[in-house]
Each structure stands twice: as structure tokens, then as C-alpha cells.
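Supplied in C-alpha cells, the structure appears directly below.
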């Protein structure tokens, strides 16, 4: 394998990994705070992609420009989902939550199938097939834009949790549920906000991913698994962990594909997941459970 | 529906309720009056990964009853099933269609799904005329009720080599190295196996430098293309499905991979949706696939009917072979004069159709129920149309080889 | 305690009658209904069987597995490989399949317990193993890879009956899976009323307290994981010989794993009859939706070319979500209470 | 009781499943008082505080805060009326910095406008917190965490603070400091309910006290009366 | 004869906080040994080290002539030590009888025999009439009794009782005292108990040890210990306030 191929694969892996990381951020935020494992993650992402697709078809809006709109839409969806449905199963065991979310996921995929059909659909942008050549590297424009957008959105989210009082209050809920009740935080509303913010993040990721991938309903389960792998490797609930996990998986898959065999690349993600679960179940940047 | 009105008594929920639920699930077609029409089950992947292709095949099946009736064949009624691109569902759907009283089955485009359905037909004694499926074992297992008018993997590979030689000779430009990239599913793997196994027999001008397999469900094929480009092969040979063919092309352009040409043996690269999605970038691909002979009268009838039903749609492998399967069924029904399974199978074994659609001398099954004479064509995408370039007797135009570089397309 | 008390002692007269009626109905079913419905019933029983196996893992040992298709697949591929390639009858093949699956269950259980990976993390560990195996089998030429592994069928299997080689008519498979499902029920019941069962339930409720009472928690959890895996592998052998074809994606896919968790969760996790009941509710429910959608189409309410592929799973998803929200302990405990099928603890011997 | 009651609890029942945790509890707290609640482990002291604070929902009974019945209200509304709690085990946000902890403590509507001023007051009261404002709360010592828990509670401008086992797990010198702070807060006009295993200390500190056994109030009186009570001495003072 | 239980210099810290430091004591066979001290004195931590829930940082635990330091809880139970939990830990979904049967299966191979033995234990603890209730529905005092019955059913030589009297009414406390005395007299059981209810401690214990801030500050006859000035200071908070 020559240097040129490896270098190109590495760069593409990092760029793709940033987008992976952004999509996993939404999962990580929701799990970190509400302790709900969102098995409908990929479905929300696909809904975000379809929303961006519709905006592109109707208004000719570049998916990158529709990020705020789609994020707002998914925020509302996530807020309602948490406050109307998921709140009711919060006291139930893991497997019941899993089943509920899996059922919701199936309903969402089917809804997409009815509305949009099974065919992969994408956006054709003016710059869709452009690329930059820098020395040995050939970097495609959409991937670079997607990565930049992912980093911007992730930065925005991190700043929100770090500096906004609501963001701090949400972190407080995640940190100590009883403590949050004791200081009089409205935990129910903050949870709904969190699910909304997590979903908005997934929606933003959906818009960005639409640059790289054509959307069809059956994409969803694959993205759910991918996000899980990313988040577990990075550390459930750790936001930087999700980004790191995304880049690691992006690079690992790209390298496995060029060095070994593309059809084996996901096996590496799963092997990495198993190793991390065994050696460091809290993930690379996660905190050990109390 | 029974279930809605007869609510099971509470006491008997455990026993009676379950029975009622199960009974309530009975399909409505059971016990429908048997007419003199031949009921043909058409089982195709109409949702899931191969949905577009299944739907494409369906278009030809839909045209068949009326078109064939006008040619003097008997009445046929289609009973439709969807495999959801899943062999297990293909099996269940085949059983369900048989329960609904079909006399003969056709389908299923995909090798895995076709094999699963074939097992059911074999078990139940229902004749099954395969429209498209290349996996050799389908006619090597000794099924008594399964017939195939589609070339097997090795036949396709053989023709692919012969057609390439013809093309390289005609254009005077042959690659010295080729990278083989195939989708890692039933069709892709068996086809790639056949190619690597047979290449030495044909004294080709090139070596296959690497065989790259990729996941049919892959979302992003950039690393795959990067690996292919990294081999520095002069030409690339794909075995793909539709969606990955589109993704592959886009990535090749973005990564500025300019091979001498793209060869495909299999679906994807010749399809209407491919050319539609890629426009000028979809041109010049050469597909070495089973094809129709545009010069045959039945082909002309099919093309005309297709134009009438779906203006702008060009006839392709999916249409030709699905239609021809219907033709074979209609022909057997005419000769058998009955809908009885045993008589239909006997008639199918004696099939000898000259007035057909696909390339080759006609339809005649060997003792394994395979049509050994069916042949492939080389077709090239040109301005959004598929034009046959080889073999010479079924050609419509001259080849463009090497292909126009991406950057030089107007 | 007599075998009778251990297996049936908790049932009221009404419960016994219901069980007897249910069994009689199942035995008579193939002669009452069309072959299509008999096939549906076979699948229902198959899911009921697997549901019980899975239930041991979660309901009893407290481990949420969403990768149980791994064990099913191991049983299926091991026995099918031995039969199709080497001609080894499945009666022997099942031993190989079970042995490998039990070893896999032991490995995953060991890793899960020893590294204290619980709850959702354990679930993901099981998914990871199942998916990893799927991709490996995709590339295992000797198992057919993505081209699939096929078991020979012939017209002779239309009416035949060859238990040794598991070649035969649909009826044979129906009665085989019926026997397996009932045997699984009896086995679970027998285990639960014995020492192991007491320990399992204690560990599920409170592992620390169980350990203080001298229960070797690790060992008994391992038993549950291994028995569950072994039973799932038996189901896999049935799967292989009933369907006759195996594809990695179809066998090991996460959809398969999720599918087999549905019946026990809907029926009631930790209950014995719940998984069976859940299977008898869910599969017909799915078929009903299919029939309903077809009816809508044939009656012209919706056009033939409307995209209806999603309608069935859409309703199905909504129905399952409704069950979770309304009956979070599962449907079976609720039915059981309403109908008085099981004795209260004070009347048990 | 010297002053008008700020908190009156009447006929309060709390159940966990079918098991009663509180039965028929009644108590009064006057504005400006320190009231101690003593009892064995599991007697229901924490349950009582959690029920007053809205974290547990009572099955029956009234909880009147300044005349308003707040039984069954969610905790964020209770807190916004001016009832604060320094919970058992401190329950600080370990992963947040000291400053962020205080910030979240001032998230209540009643403390939002004056957040900056309240923060300065807390820092003045606990100079050690000011020194460590950027430090993660989980890395501080037990005593510092207890200071933070109290400071965080003050950010909500409470009129009544309920302390649940404030001395638990603290070194003796720190315990004295904590009790000193409680006294000082009381002098500044904050009413205090004190649940404390360290019975002798809490009885000495409290104006009045209640004894809780098995979820029922079995005894009440001034701190000194209970210190001298034979049953209390036997049951809780080891003599 | 060597003492049945001998604890030598055990110590345990959590996150730098010393919960128990260098505590040693010995309990003779058939003795009733009380451990008292204010909350947070380290009593339960000490129990957890004996019962195998925590491994001591330092020190040794000898039981019945064997070193059982660092044994897993089930192995400690095998060795002959039963325990109760201060915060009761019933098997909530099991009935009271089934709860105790889990313990009894340690001493009896057969389920039927174990159920009979469990029923006996329940009668002894005066819980017989509640045997078919689910453990989650018991009142707190009954749950405490269930803890004792369950530990007893394992057939131990020595039992560690962690505040089993807490929450009992005075008459109930007296009943429990009688029951424990009978167990010692009839079954030859050795008892180590942590207790706040002094009435019970005084009535039951042959000897008492006092812990304060993780350290042993006194040990001896109960009457002597409660007059020890160091003990009085620890309870009354000394100069506090």
C-alpha cells in the first residue's frame, strides 16, 4: 500500500469521523443526562436527512443552510417524544425502554417508507463532485464542508453546556439527580429540553450527512449501531469522547478498508467495541461509574 | 373480516382466542374460484435494497399478459409478491402465493431469494421459471420443477471475457492491469469467483491485480474507491447493485480516478436510474450482461409496448428476461393446455422457442433445466441510452473506448 | 416434591384446563387449517421456543442480550454445515451446535460478569459479538459466505418423515417445534422450581444478598447464560432444517436478535408462559396487518401502486409501543390474574 | 413555639408500595426556629424531609408553608417558595466546578435576578469556596463539599433550610464548624429543620425537637426536655 | 481454646477517608458480642470486611481456625458466618417463605427440605403468618426479622446482625432479645451485633466494643463500657456546641 493511498484514507477517515462524532453527540447527550439509551437514534437521523432533502427539493436549500431549520424541527420532535412518551417508561427496566424505543423506531422507519419510498435519494449540489488537490492529497469538497460544519455544531453544543446556565443545569441533572431535585431544578422539563437538544444535534448531523450519503429509510439501524460504537468507545455521556470516538472509528474503518478489505471494515469497529467494553467499559474519556 | 366482529369470549381467550387470531390471519384469496386463467405468481424484491430493480422487473411482467394474449397465447393472471430483498421473506411469500392457488411462479431477480423460493417450489411441486438469477447451484442441485433461461455465473463470465476480447481487438486499446471490485453478496461473490477462476482459460491481455469486496449496505464508498485507485490498475471491473454503482461513480470523480474504462458485469451500471442520477458522468460504462436482441421481432414488440406504457424508459436486462420468463410460461401453458403442475412441467421440459427476445438462438432447456444457449451482450451507456456494441450481430453502434475522462465531459 | 407438583402444581383447575385445551388445539391445528397458517403457527412456536431461551438470560439471570441470534446462528450453521457438507445427521449436529453455542455463551457471560459489564453495556457487547460473527461468516467460504449455505430439498420431503435427518413434510416440522416448545416450557419450569431456580430468582432480585446467603452468584449466572445459549442453538438447528437455506445477514442480523426478544418482552419477562403467549399475539398480529393492508388494496381503498410496504410495520410498531406503555409487566401476568389461572402463593404446596 | 408557624404538617402519610414510611405525622415549625428531628435509622426522618420538599408524594395529609398547602407539589415549585434542603450525603454536582454548582443553585426563579449578589455572599461566608471556584466539586474534601452544599442551597434565597445529617462522614473539627454555620444562618433569620444522628449536639442546638419512631412522632418537646428524658437517653444517648 | 472469630488490625479507607483503622477483637464461641458507636463510626464497614463484601486494606480475619481474609461473601457463608444487612435487602419479587428458602438451600440439598426448614425459621422469628406475602410488602420491622430468618436458615455458626432492632417497639425488642438468647442456648449460635438500641445491647451482650471514627475506644462488660468517659464524650459530642 503506497503512502498516497494511506494519507488520503487517513484524511478522509478523520473528516468522515468528525461527522460520525457529531451524529453520536446526540446519543451521548441523551444517554449522559436521561440515562435513556436511544435505540431510535438512527431513525431520528434519517428523519433529519429526509427533512433536509425536502427543504432542498422545495426551496433549493443547501443542506448546510438547512441545519438550523432541521435542528429546530427535531428539537420539537425530541422534546415532545420525551415529555409525552419516554417520560412514562423512565422507571421501567432497560429492556422495556429498549423495546419501546425499538417499536418507535420501527414505526418511524415505516412512516418514512410510506412517505418517501425505499429508493436512495440525494441532493445534487453544484460542488457535489468537486475536490481540492493539495500535494498528494485529494480532498473532496463535500466531505471537507461536512467536517467543518460538524465541528462548528459540536463546538456550539459544547459551549452551550459549558457557559449557558441552562446547559449547566442540564449537566447538574446528569451529575446528580437527587441533587438536582434538592436545588429545585425542574428535572422533567430539563429532561425534555435535553432530549430536544440531543435530537436537534442528530438533525443537524442528518443535514450534514446528506452531503455524503443518499438517504433511504433502511439506513437507520446501521447508523444506530454506528453511533453506539462511537459513543461507547469515546465514553457514554462524554461529549469530547463522542467526537474522539467518531474520529477513531472513521480512521479505523478507512484504514481497514484500504489495508485489508472493505467488506471487513465494520468488523473492525465491532472488534474495537468489544475490546473497549472489556478493558475500559466507561469508554476512553468516560468517567468510571460511582 | 371475521375477527373484527366475532370477539372471542373471555373465558376461552387462551385456546379459542389464539385460534381465532390465527384463523383471522387467513389470506382472503384462499378458496377464490379457480378460473380457466393461468395464475402466475410474480415474486420480486419490491422493497428493501433491491427495490428499484424489482420494481423495474415488475414493469415487464405487467406488460406480458396483454402483449402475449395479442400474440395468441392464453389468459394469464398475475399474483404479486414482495421478497423485501430478504431470502426468508421470499420463502414465506412463495408459500403464501402457492397457498393462494398460483399454478406457476416466476422471479426473484436475486440469487439468494431465488434459491429460497426454489426450495419451496420443489417441495410443493410447483413449476418455477426463474427470470434473473445467476448462481450456478440453482440448476446444479437437481431441482425437478425449476427452469432457468438466464445465464449462470460462469456463462456470464465466459461471455464477458469473449466480449472484452472482441472490444479490445476492435478498438486496439487493451488494459494491462484490471482491478475487480465486487459487492459482497450472493451474486457479487459467485460472479467474482467465476471470473477469477476462468480468467486463465482466455489468455486475456491483462492481469487482475486485486480483488476488492465491499459491503452491499455500505453508506459511503470513499475508502473502497481509494483502495481501488491505489492499485493503479488501468481499468476497473465492477460487479455491483444500483445504489453502490451510483456511489462508486461519484467517488471516482471526486477522487479524480481516471481509468481507461469501466466494465461491469451485472446490474446497476446500465440501469435507467443510474444514468438519470449521474447524467453525463454515467456515459461510456460498458456492461457485459444478458441483453435483448434489438433485431428480433418479439423484442420490437416489447420495446413498443414499453414505450407505450412508460415513455422514455429503455428496455434492459430486467425487462427482457422477466418478459421472456412470462413468454416461456405462456408457451408451456399453450402446449400443456392445462394449469396442472405436472403437465406444465412436462411442457416446460419440451420448450423450444425461436421467436424470443434475448440474445442467442432461442429458448431450449437442457436436462438440468438450464438454457445453455442464452448469451450476453456488451452494452454501453451513451447519452442516457443503452446501446449494444457487441456481439457484432446484435450491435447498434460502435464502442467508445477508452472512456472520456471525467474532466473532459461536456 | 413430585414431578407433577414441580411442573404443574401452581396451576388452578381452570389453569390446567386452559393449558390442556391449548395443547389439544395445537396438536390438532395442522388438520384444521391451511398449510400457510400451519407455517405461520410453526414460526409462532419457533419464536415461542426461542423466547423462552432468551428469557432465561434476562428474566432469570438479569442479563439483557440483544445478540441472541449469535447462538441461534451457531446452532444453525454448525448443524447445517455438518449435514450439507459432511452428511452428518442433525441428531449429531445438534450436539456440535449446542456445544459451540454453550462455549460462546460461557465466553460472553464470563466477559460480561468478570468485567462487570451490566445492563445496556452487556446488550451492546452481545450485539457486537453477533455482528462480528456475521461479518466473519460473510467471509467464511466453507460456510458458503454471502452466497449462502443450502440444505438439499427434494419432492420427497413433501410428505416424508425422517426425524434422524430432519427431512420431511411441514407437518413434521410443526410437530417437532411443538414438542420442542413444550419441552422447553417443562425444562424451564423444572429448573425454576428447583434449587437453581431459587438461586436464579434470588440473584435477579438482589445479587449481594444472594451472595451473603452462600450463593455462588458467578457460577449460577454462568449456568443461565450457558443454558440459554444452548437452547437457542437447538432452535437454530430447527431453523436451518426448516428453512433449508442460511445467509449470514438473515441468521445473525440484529433484526433477528430483536425479533426474538419481542415475544418474551410483550408476553412478560421472567414469566414462563409469557414468551409463548407473546409469540401467539405478535406473529398473528403481524399477519393480520399484512392481510388488512392487502384487503385495503383489493377493495380499492388504497391504490395498488401506493407505497404500502410501510403500513404493516408502522401499525405493528405502534401496537408494540402501546403494549409497553399500557402493560409494562407484559400481557401474560395481566391475563393470568384476570383469568385466575395460577394459584396464589398461599395455596401452593 | 414562640413565633408564628412558617411550616405546619398535618396527618401526613407516606407509603413505599404497601409499606408505610410515615403515618399521621404532624409537626409545627415557627419562623426563626431550629427544630430537630431525631430517631433511629429507618425511622422515617429523611422520608419526612423528602416529602416536605416534594421529592416524595404523600398519600394523605397537608403541608402548609406560610399558610399555603404544598402537599404533592413538585420539588421545583416547593423550592421556589423558599424551602431549601441540604441533603444527606451532600448531593453536590461532582463533575461541575464550584462556581457552576452555585450557578445551578441559583437557577430557581426566585434567585435568578440576584444570582451574582448571592454568589458574592456565599463566597464571603465560605472563603474557601471562593479560593476553589474553578475546581471540580468532586475533588474537594468532605467538609468543603458540605460548605458547597450549604452555599448552593443559599443561592436559592431560602427562608427555611432542612438539613439532613449534615455531620455524616465529617471529621470532628469540621462537624463543629458546620454546626457553627447552621447557628449563624439561624441568627441571620433562616428557619432550620435539623435531622441529625448526633442526637446530643442537635438537641443542644435546637429550640424544640420531635422524636420519630417507625414513621410516627412519638415524642416532642424542647431540646433540653428531650435531653433529660429517660427514654431518649436510653434509646439514643447510650445511657 | 482459640476464639471462634478473631479480627486483627483490620483497616479500610474509602477515597482517602479512613472508615476503619486497626481494629482488633476476638469473639468466643457461643458469645454474644455487641458493637456500638455513633453513626459513621465504621461499624457496618467492619461487618462488611468480616462478611467478605469488602477486602480489608490491612489486617486479618480468622474464623474457626481458618484465615478467611478477603474471601468472597458466599465463601464466608460457606465457612459458617451468616449476616444481615443494615439496609434490608429482601428478594422483593419472592415471597417471604421463598426468601428464607434461598438461605435454607445452603444447608439442605432438597428444595422440599429447605422449604420446611425455612418455615421453621420463620416461625422462630414470628413471621410464619406472613410467609406467603411478597417481601416488598412487609413493614420495616418485619423485613428486619426476615433478614435474621434468612441468615439463620443458612445454618451458620456465627451470625452478624446489623441493627436488627432498629425500628422495633420496646416489646418487640424484648421478644427479639429472647429469641436471640434462645438461639444461643439451644443452637449454640455465636452472635455479633451492631446495635443502637442500648436496651437490647445491655440485655444481650456478654461483652461490648465501642467504635468511634473508625477506632476502637473501649471494650468490656456492657455496664463498665457505658460509664467509660471516652464513650460518654463520643456520644454526647463532648465539647461540641
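First chain written, first letter: the chains are A, B, C, D and E, and each begins at residue 1.
Throughout what follows, a contact is a pair of C-beta atoms (placed from the backbone, for glycine too) under 8 Å apart; a residue touches a chain by one contact, two chains touch by 3 or more.
On a predicted model such as this, the values are computed, not experimentally measured, just so you know.
Looking at chain B and chain C, the chains that touch each of them are A.
Distance between Cα centroids is largest for the pairing of chain A with E. Averaged C-alpha coordinates give centres for chain A and chain E that are 51 Å from one another. Mean C-alpha position of chain A lies 32 Å from that of chain C.
Chain C and chain E have Cα centroids lying 44 Å from one another. Separating the CA-averaged centres of chain B and chain D is a span of 76 Å. Among the residues of chain B, those in touch with two or more other chains are 47, 184. The set of chain A residues touching two or more other chains comprises 113, 117-118, 261, 263, 266. Chain contacts: chain E has no residue touching two or more partner chains.
Taken together, the chains touch in the following pairs: A-B, A-C, A-D, B-C, C-E, D-E.
On chain D, the positions that touch chain A within their shared complex are 53, 55, 74-76, 78-80, 85-87, 91-96, 100-101, 103-105, 107-108, 152-153, 155-156. Only residues 37, 85, 88-89, 92-96, 98-100, 102-114, 117-118, 217, 221, 225, 228-229, 232, 261, 263-264, 266-267, 270-271, 273-274, 277-278, 281 of chain A touch chain C when the two sit together in their complex.
Touching chain B in their complex are the following residues of chain C: 18-19, 21-22, 24-25, 29, 32-37, 39-41, 44, 138-139, 145-148, 150, 152-155, 157-158, 243-245, 247, 250, 280-281, 284-285, 287-288, 290-292, 294-295, 298, 309, 335, 338-339, 341. Within the complex formed with chain E, the chain C residues making contact are 1, 193-195, 198-199, 201-202, 204-206, 208-217, 270, 344-346.
Contact residues of chain A toward chain B in the complex are 1-2, 4-5, 8-9, 12-13, 16, 113, 117-120, 122, 128-131, 133, 138, 140-143, 212-214, 216, 218-219, 222-223, 253-254, 257-258, 261-263, 265-266.
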